[in-house]
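One structure follows; several queries about it will come next.
A, B, C and D are the chain letters, set down in written order, and residue numbers restart from 1 in every chain.
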Amino acid sequence: MRKVTTLEEAVTRVQDGMTVMVGGFLGVGTPHGLTEAIAAKGIQDLTLICNDTARPDLGVGKWVVNRQVKRAIVSHVGTNPETGRQMIAGEMQVDLTPQGTLAERIRAGGSGLGGILTPTGVGTAVEEGKQKLTVAGKEYLLELPLRADVALVYAAKADKAGNLVFRRSARNFNAPMAMAAECVIAEVGEIVEVGEIDPDEVMVPGIVVDWLVLGKGV
Amino acid sequence: MALSSKEIIAKRVALEMKDGDIVNLGIGLPTLVPDFLPADVRVTLHSENGFVGLGPLQEVDADLVNAGGQPAGIIPGAAMFDSLKSFELVRGGHLDVTVLGGLQVDEQGNLANYMVPGKMVPGMGGAMDLVVGAKKVVVAMEHTAKDGGAKILKQCTLPLTGKGVVSVIVTELALIRMTQDGLVLEELAPGVTLEEVQAKTEASLIISNGLKTMPGFE
Amino acid sequence: MALSSKEIIAKRVALEMKDGDIVNLGIGLPTLVPDFLPADVRVTLHSENGFVGLGPLQEVDADLVNAGGQPAGIIPGAAMFDSLKSFELVRGGHLDVTVLGGLQVDEQGNLANYMVPGKMVPGMGGAMDLVVGAKKVVVAMEHTAKDGGAKILKQCTLPLTGKGVVSVIVTELALIRMTQDGLVLEELAPGVTLEEVQAKTEASLIISNGLKTMPGFE
Amino acid sequence: MRKVTTLEEAVTRVQDGMTVMVGGFLGVGTPHGLTEAIAAKGIQDLTLICNDTARPDLGVGKWVVNRQVKRAIVSHVGTNPETGRQMIAGEMQVDLTPQGTLAERIRAGGSGLGGILTPTGVGTAVEEGKQKLTVAGKEYLLELPLRADVALVYAAKADKAGNLVFRRSARNFNAPMAMAAECVIAEVGEIVEVGEIDPDEVMVPGIVVDWLVLGKGV
């Protein structure tokens, strides 16, 4: 199974109207080669699942400025005023989701769970439209799985089998997102031969990664 | 030299930590707290973007930022992880203290700090998870809003970050602790009168029998 | 030289794999399957105790065993993980095929293979997760019990491992595939008659229009 | 915070009547120094949470033979006939739990979740007494969190801050269990100075580990 491909070829997997997960935290650990290419192609009507919308000139922040995003499921938009503007103006749907809940929903999507019960958001606007369950006398929200058509992740290193190794705080959402999409494209800083990564150091097993692109990241 | 309001708050918040505590500090004012830790109190800092062992910046590493997206350092013994594990630690009760800013706090221990409808929409980021998960929730904020209006209210009017989650409020004027009976005024900043605090507070305050001047400012 | 019953089953099961498949093999008979894979079909083996890339034993490593607790090897490109990640892969639909033994299978695609009340209580181990998670569930078993009694029944009488989960049953006598219409007899082992299979099967079998001899035994 | 201690001292944390999680898969990755010491001390009335009950002469299997376990929450007991005997005779309560569900329940306990919805076990005896929920037309079981008084885990290496590194298939349940107990005791093959483990290679952050014991493992 050949996984290494070009940026151009990989980006053809992302099409108008798709749901796309993008790794990164304020742009750190974002696959910038991929996000730039998608900005340049002007792919439309995307549902974006990401921790945040970065900054107007950075990562998925550019997609927002380009009006490529119809809906964003994110935990924080404070660093990109354009997201806030479009949200208040009703031009883009923004589902503000607690960061831990966002991570759990992605994990549930990638691991076949029907949902998880979290205490996070009980008694807040996050409750709206959600089922509440009481377990051992404590209230929880039932949060449902998230999956995507494509996940775009960044890793410091991969072997040709797709095994990923992240570095420092660039790991963030990349690990769970790589489990939760029909097609997983990893932009990586370095591609090594199969066998060069110790199996104990693999952070995402290559069996879930479809395509590898050599990129610059961060 | 006189301390600024922020420094007074940070200095008093530092006394809420015990040696060995695992602590998460919000963006802004809370990040000043480590500067004021007593010499015999060492805490380990959790950074919700994916590690414990946050430390002073030594050299810029593009893969290593704090939860505000700023270049950060790590101390020996630090451990990196993904966003899932980061919030497993948060929700699972593995943090002793979280320190966050506040827009409003009320008599029920509710906290609002993530949005002003129609205006400011930064999003909750990790705050909703932190306030339900940490053993002690410290709200560190200026006592009143820029327009002089009260922020410590009978009932929050802004969307809540957490319901009944606040442990203690530290402002440049006072320390107010949440108890089963309600908000208890325990300490006044040096030179601040009980009357001034009550005038600037909408919430009913129980005056502690042991009301005293904030320690550490003698 | 004639193949044993187990070898016939393993040889036919091997043909249910496609090149590139991620496969979990149960303890016992299923572990014989790799010996019979066609030269152009390479599969990656998942071991539910915590890795992908199970391979032939090379040297004994006390830390490296298969799901049966026996010393195991790993191939280049293997990835190790904990039990959580292992079953995230299982339940999350990341495995293409799982091959397990069976005590009973029935017309509804139910499988019983983990206990006989009051007698044999091995427990389900990972089997209940595997049968709900893998895309294809292959039951590899001898056609009848040791006492000659039918194991392919109208309705299972033993506690179920999974409800409606079976994709295909391979025995030393036949290949029977679960379809929306019910169990379809598709293939007979060399020298086996339709009458023999029917006599040894309690379940109603739909006889495929294309009923043929198992391929690969010519 | 000094964490390194002796086996004798560490074992005093385990007392009659406690719920104890023990890492390992058929004894591989089990902290054998700790399990031996507990067998020798004859600590009674334990509720054991473990993947399996190993063998009669191995790991927690000895506890079963010694009749130290009043209840076992495990996925598999087939390798220890004494467990099956006590179970059938009604001398010990055995809660057979699917392996993936066991891992998820432990994770929920360690990460503050009120439960998770899994498709595993729907339509089987595992359903008994559990709430069933339908999400997007599919049935799931609500599985509840598991926590322990003490978790006994094994790691190949630790630094003095408690950061753990596992090796090969000895990782298994050790990683999730280290998150889910009031007191976590890690038996490790090697203890190194703080700073000697790269923060990216840490598999369990030291902040959740209370005690370290140099042991033999496996």
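The definition used in the following text is that a residue touches a chain if its C-beta (ideal position, glycine included) is under 8 Å from a C-beta of that chain, and two chains touch if they have at least 3 such contacts.
Treat the numbers as computed from the prediction; the structure is a model and nothing was measured.
Trainee: For chain A, which other chain has the most distant CA centre?
Mentor: C
Trainee: So how far apart, in whole Å, are chain A and chain B when each is placed at the average of its C-alpha atoms?
Mentor: Distance between chain centres, rounded to whole Å: 29 Å.
Trainee: In angstrom, rounded to a whole number, how far apart do the mean CA points of chain A and chain C lie?
Mentor: Distance between chain centres: 35 Å.
Trainee: How far is the middle of chain A from the middle of chain D, if each middle is the mean of its Cα atoms, in Å?
Mentor: 32
Trainee: Which residues belonging to chain C are in contact with no fewer than two other chains?
Mentor: Counting only residues that touch two or more other chains, chain C contributes 51, 74, 80-81, 87, 90-91, 132-133.
Trainee: Tell me, which residues of chain A touch at least two other chains?
Mentor: Only 104, 107, 112-113, 118-119, 166-168, 171, 199-200 qualify.
Trainee: Return all touching chain pairs.
Mentor: All chain pairs meeting the touch criterion are A-B, A-C, A-D, B-D, C-D.
Trainee: Tell me, which parts of chain C touch chain A in their complex?
Mentor: Counting only chain C, the residues touching chain A are 20, 22, 44, 46, 51-53, 74, 76-81, 85, 87-94, 132-133.
Trainee: Per the contact definition, I'd like the list of chain B residues that touch chain A in the complex.
Mentor: On the chain B side, the touching residues are 47-51, 61-65, 67-69, 72, 74, 80-84, 86-87, 90-91, 110, 114-115, 118-129, 132-133, 159-164.
Trainee: Can you name the residues of chain A that touch chain B in the complex?
Mentor: Chain A reaches chain B through residues 25-29, 51-52, 74-79, 84, 87-88, 94, 96, 98-104, 107, 118-126, 156, 166-176, 203, 218.
Trainee: In the complex formed with chain D, which residues of chain A make contact?
Mentor: Per the touch definition, chain A meets chain D at residues 104, 108, 112-119, 131, 133, 135-136, 138, 140, 142, 144, 165-168, 171, 199-201.
Trainee: Please output the residues of chain A touching chain C within their complex, sorted ascending.
Mentor: The contact residues of chain A facing chain C are 1, 107, 110-113, 159-161, 163, 179-180, 194-195, 199-200, 202, 205-208.
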